[in-house]
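Each of the next two complexes has chain A plus one other chain: chain B in the first, chain C in the second.
Right, the complex of A and B next:
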């Protein structure tokens, strides 16, 4: 028997096999379950049931609204921070940037737990009970708190790439500070906004750890919805998972993809 | 005058956001030294929570599980992902394209969908939940990020070096090991770090693929806060101590790496 000669290409075989068995096959299994009934016969029943059930559709819509609010708030906080840092002249601004990324290294659940304790404390204070006991407020606050670095990092990296002479050129040509911002900074930081939005929007739709721990499980987002369905009906659960999959891939495609180098918790800084 | 006011406003805004980010962690840090496990009133200084943390067998077990899982999963992911990235990079366009697409799936997919798809597949082929399923689950979420951090380094590399090594008589394997590998080390390291943090943070995939009775920090704290049980309060407060310790380690790590970086720079001069 001939022993095959080592070639660089053969190195991708183990990972290729892994991807097929543990990524591709599970996706196909979900697809199979979504379009079969409990007797494993092909059926569109789940599909029809899903799109004709108002409670299901409203849960999805409502989850989208929560994710949207979270994303907008995160953008409104992160944009000025990234802008100030990127344009400041202080030495070692990467240290300040590092400060924003540092908390990400603490276990996610422990961080949410810390926030929970803070809210419990605030709920005892006069005048703050209303805010600190609103499940929606807490959920959205928690999501912004946890996903903020995902918004700041891509914004900061794109803004650092903007050529500084463009600002001067705009000023020389008579552009006011505001005009320079709307005509130069904003359009050029668009790619950063897009990746930041994707990276905050997607987990806010699906990561139910925050909504469960801070919203006392009263706030149902799509992720939790799938979890609940999987308890008793795998076929319907698969259908919702499939819908989510389509939403996720569509929004990633629309916002221009996902850049790995920006999702790095500062390991690349 | 106006410029100074503007500067203060900017610094104030960045400072406020940082304060919000750190407030929950600092709160836990302060109360981790309290005698009681109630947040709100400091009733006396004590190391009780720290002593509990290091003597409670349950807590120590969870910390051990979390660390062991993260290290094993990250090492395996780094091996598989680095080999995969090398293989993909040198493969034909079709193989490369297919694998890049499959690699993207776990990256953009919601964790809950990945977790459920895997669970359903394991049930379908009658694989019981065990360390095997747990590690596979973590590898599915970690490996794509390793690949994504190694690929850019391969692209930056000068391809002719490998050819030169072959011309000088090195076997393909040796050339890969001694010429190509050293050049992609930074990518491999950041991939490994990313894999570690992803695994340490994970709750959802762990929850679905873990063997019965297996607890990590994430699963325990999540279940204790959302469901609650009798001795929760005691153990949860030892997690305050844990949060504080992790935080201190991170701060120390960043300070040290900065000092080392500065020293190197000075020596360079």
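Right, the complex of A and C next:
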């Protein structure tokens, strides 16, 4: 019997079909809706409305701030962890690493719900009620908690790749610990920082499950905004989604996310 | 075909690909597939906690899960017995009227839908892209109580529906509907109904305060971060109208009570206030909505019940059916290992309706036009009829907490209410009159039940079967005509969003541009070395 042989082209068909139906077509639909009015006539009305409405610009700005704070906090937590882990000599590093990834094996909504209950408990304790009942704090906390593994993993893989002899060379040349860090570790871990930042920054602009459940739906980020608009006005909803798409595209391009050789995101996931 | 339609079909096609095989499989056996699209958790699903199960348990039996099947399975059996044909119900659910509407707009086809009052009107008045209507009218024979199929009088809906509901559906519940627009009853058969109000914890909230505050409860500092509003524009805008126009509403009520206006005029006035969407009203309501947002603990859709029970909040603005559910749930104690109730784990919650009036809502079954082509109209109407049997109405109502539109031709549902909430001594002061909802009894007994004071004034009975006096001050929601819809959506986005000052936006913009420029600079080969130490004295930088 002849074993059927697939050419590379044939093997690409399933993904090609997927790409067309679930990436390309939906994007075109969004584009179409964004530039039409309710009578389906071409129109720039939504475009003008979007950029002349303080509410919508505020929400974009607000989401950017929330995403930025989330990213910075996540980076500040993740970097030392990844650094220590990558440079230490402990055996079975993968166990420690696994502990960080472990929460991702549990359903996300379940975890956020648990966090919500935890904050409810904390809010009853003296001295903590201010923090535990601040919707912004809780939202950021939830985002950081949720996205931390996406920051740690790329950082860890990049740092693992740094040749140890470079540290030794730095020390040989009289570099202090601090100098070694700023002149060897930091520049060489830049690709990891970049992909970690992209992987945290972008989803935290739209992850409205967190802002709804932990922010009590009183914190409105751009993802929720789009959802609300899609309840009644698809055209404006699409326009906001399109603006978000542009923001995402720009920031991915700027952080070098399209470069193949630096592609470390998602490694080990 | 318009561009939108083509896109919709493409999209829908892509989404439906996997199910095509299944559908093809079904057709071969000649089973009618009835596609029902209902609210989440809005039907008897059998098993533990269902009416059938609990009845068996009350009789001292130890029922298994299989003894109490979901009501849909029972409908399929019944349909085969009576009509001699097989039907398979394909049941799916939605979370909001707007979600459901979007599904239909995308071109998805169902046989039976269960939208609320205002959405029924929207669907009945709008057409699809190609100009064909969304909805199909019920057959004339559906309203004939004596119509028989194989010897069974199958039109249970018309036999058992409450005269109160019939009247509301025939008159669009007092809405100012133009003559040219249809009445609900042409397209819809009722399913559940209720009011909105506050579930509250009487240990922390005094009823006297609520009565005095009315809608102002939402903005009162005493309940700061202890009260919730709904996370959808319809319900929260309604509440904000109540907060804004409470004085006017109360003035109308006073005039109604002293007899200077009739019930009809009163309802009309209240309905007009609660459905106002003009610019001027919106500008008055907006600051009140901001006050509400400032004062509440959360905007919620389904977390309110749990937050109420675990004590995070003291007040929850809720639909009466959810209120009944929350009251039931809270008063059920936790049990220890031996099945003994743990003391102190039960909590008594109450239900309150503002004196100025509140929302009265109706959810009804409507058929999509496609039932004609799909040949499912008979099965769809049979489904509505099966759900309207008093026994089915009890099962659904028991399971979900909402109030069925069914009264029962022989007072079956009144007996059911009595079984749940009645039992007090049969003296006049314990009497709870429900004659507006239930038909007169054959034996001439007064229509109502004897219940204790709490049930009559603030507990499940009051929430599930509101007295006529509460109904008299309620308003039904109209659907938003074109411009109004946009005005209200923009209002909602302003309320939900954190509107920053212009300078804050400027700062963010500058920061973003700066970061972007910096990144571009680095990207295209620029070098910025923040940490490079300055060369020590006497050393010179080489190269």
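Here is the rule we go by: the second predicted complex is superposed on the first by the 245 of 269 C-alpha atoms of A that agree within 3 Å, B and C clash if a C-alpha of one lies under 4 Å from a C-alpha of the other, contacts with A are read in each partner's own complex, and residues count from 1 in each chain.
Keep in mind that, in the parts below, a contact is a pair of C-beta atoms (placed from the backbone, for glycine too) under 8 Å apart; a residue touches a chain by one contact, two chains touch by 3 or more.
Just so it is clear, the structure is predicted and the values come from calculations on it, not from any experiment.
Engineer: So in the superposed three-chain picture, is A:217 touching just chain B, just chain C, both, or none of them (first/second/both/neither)?
Structural biologist: both
Engineer: Of the two partner chains, chain B (first) and chain C (second), which one does A:22 touch, if any: first, second, both, or neither?
Structural biologist: Both: A:22 reaches chain B and chain C.
Engineer: Which chain makes contact with more of the residues of chain A, chain B or else chain C?
Structural biologist: Partner touching more chain A residues in the overlay: B.
Engineer: For A:140, decide between first (touching chain B), second (touching chain C), both and neither.
Structural biologist: neither
Engineer: Can A:159 be said to touch chain B (first), chain C (second), both, or neither?
Structural biologist: Neither partner.
Engineer: After superposition on the shared chain, which partner residues are touched by A:67: those of chain B (first), chain C (second), both, or neither?
Structural biologist: neither
Engineer: Scan A:230 for contacts with chain B and chain C and give back first, second, both or neither.
Structural biologist: Both chain B and chain C are touched by A:230.
Engineer: Quick one: is A:97 in contact with chain B, with chain C, with both, or with neither? Answer first, second, both or neither.
Structural biologist: neither
Engineer: Contacts for A:179 in the overlay, against chain B (first) and chain C (second): which applies, first, second, both or neither?
Structural biologist: second
Engineer: Would you sort A:56 into first (chain B), second (chain C), both or neither based on which partner it touches?
Structural biologist: second
Engineer: Show which residues of chain A both chain B and chain C reach, each in its own complex.
Structural biologist: Dual-contact residues (chain A): 22, 25-26, 29, 120, 212-213, 217, 230, 234.
Engineer: Please output the residues of chain C touching chain A within their complex, sorted ascending.
Structural biologist: 2-4, 7, 10-11, 14, 96, 98-99, 102, 225, 231-232, 293, 296-300, 303, 307, 310, 312, 485-486, 489-490, 492-494, 496-500, 502, 504-505, 508-509, 512, 516, 519-520, 523, 530-533
Engineer: Taking the complex as given, what residues does chain A use to touch chain B?
Structural biologist: Result: residues 5-16, 18-20, 22-27, 29-30, 33, 77, 80-81, 84-85, 88, 95-96, 98-100, 102-111, 113-118, 120-121, 124, 145, 148, 202-203, 205-209, 212-213, 217, 222-223, 226-227, 230, 234, 237-238, 241, 244-245, 248-249, 252, 258, 260-261, 263-265, 267-268 of chain A touch chain B.
Engineer: Which residues of chain B touch chain A in the complex?
Structural biologist: The contact residues of chain B facing chain A are 10, 13-14, 17-18, 20-25, 27-28, 31, 39-40, 66, 80-81, 83-84, 86-88, 90-92, 95, 99, 102-114, 116-118, 120-121, 124, 136, 139-140, 143, 145, 147-149, 152, 171-173, 176, 190, 193-194, 197, 200-204, 217-218, 221-222, 225-226, 236, 239-240, 242-243, 246-247, 250-251, 254, 258.
Engineer: Note which residues of chain A are touching chain C in the complex, please.
Structural biologist: Chain A residues touching chain C: 21-22, 25-26, 28-29, 32, 40, 54-59, 61-62, 64-65, 120, 123, 133, 179, 182-183, 186, 212-213, 216-220, 224-225, 228-234, 250, 254-256.
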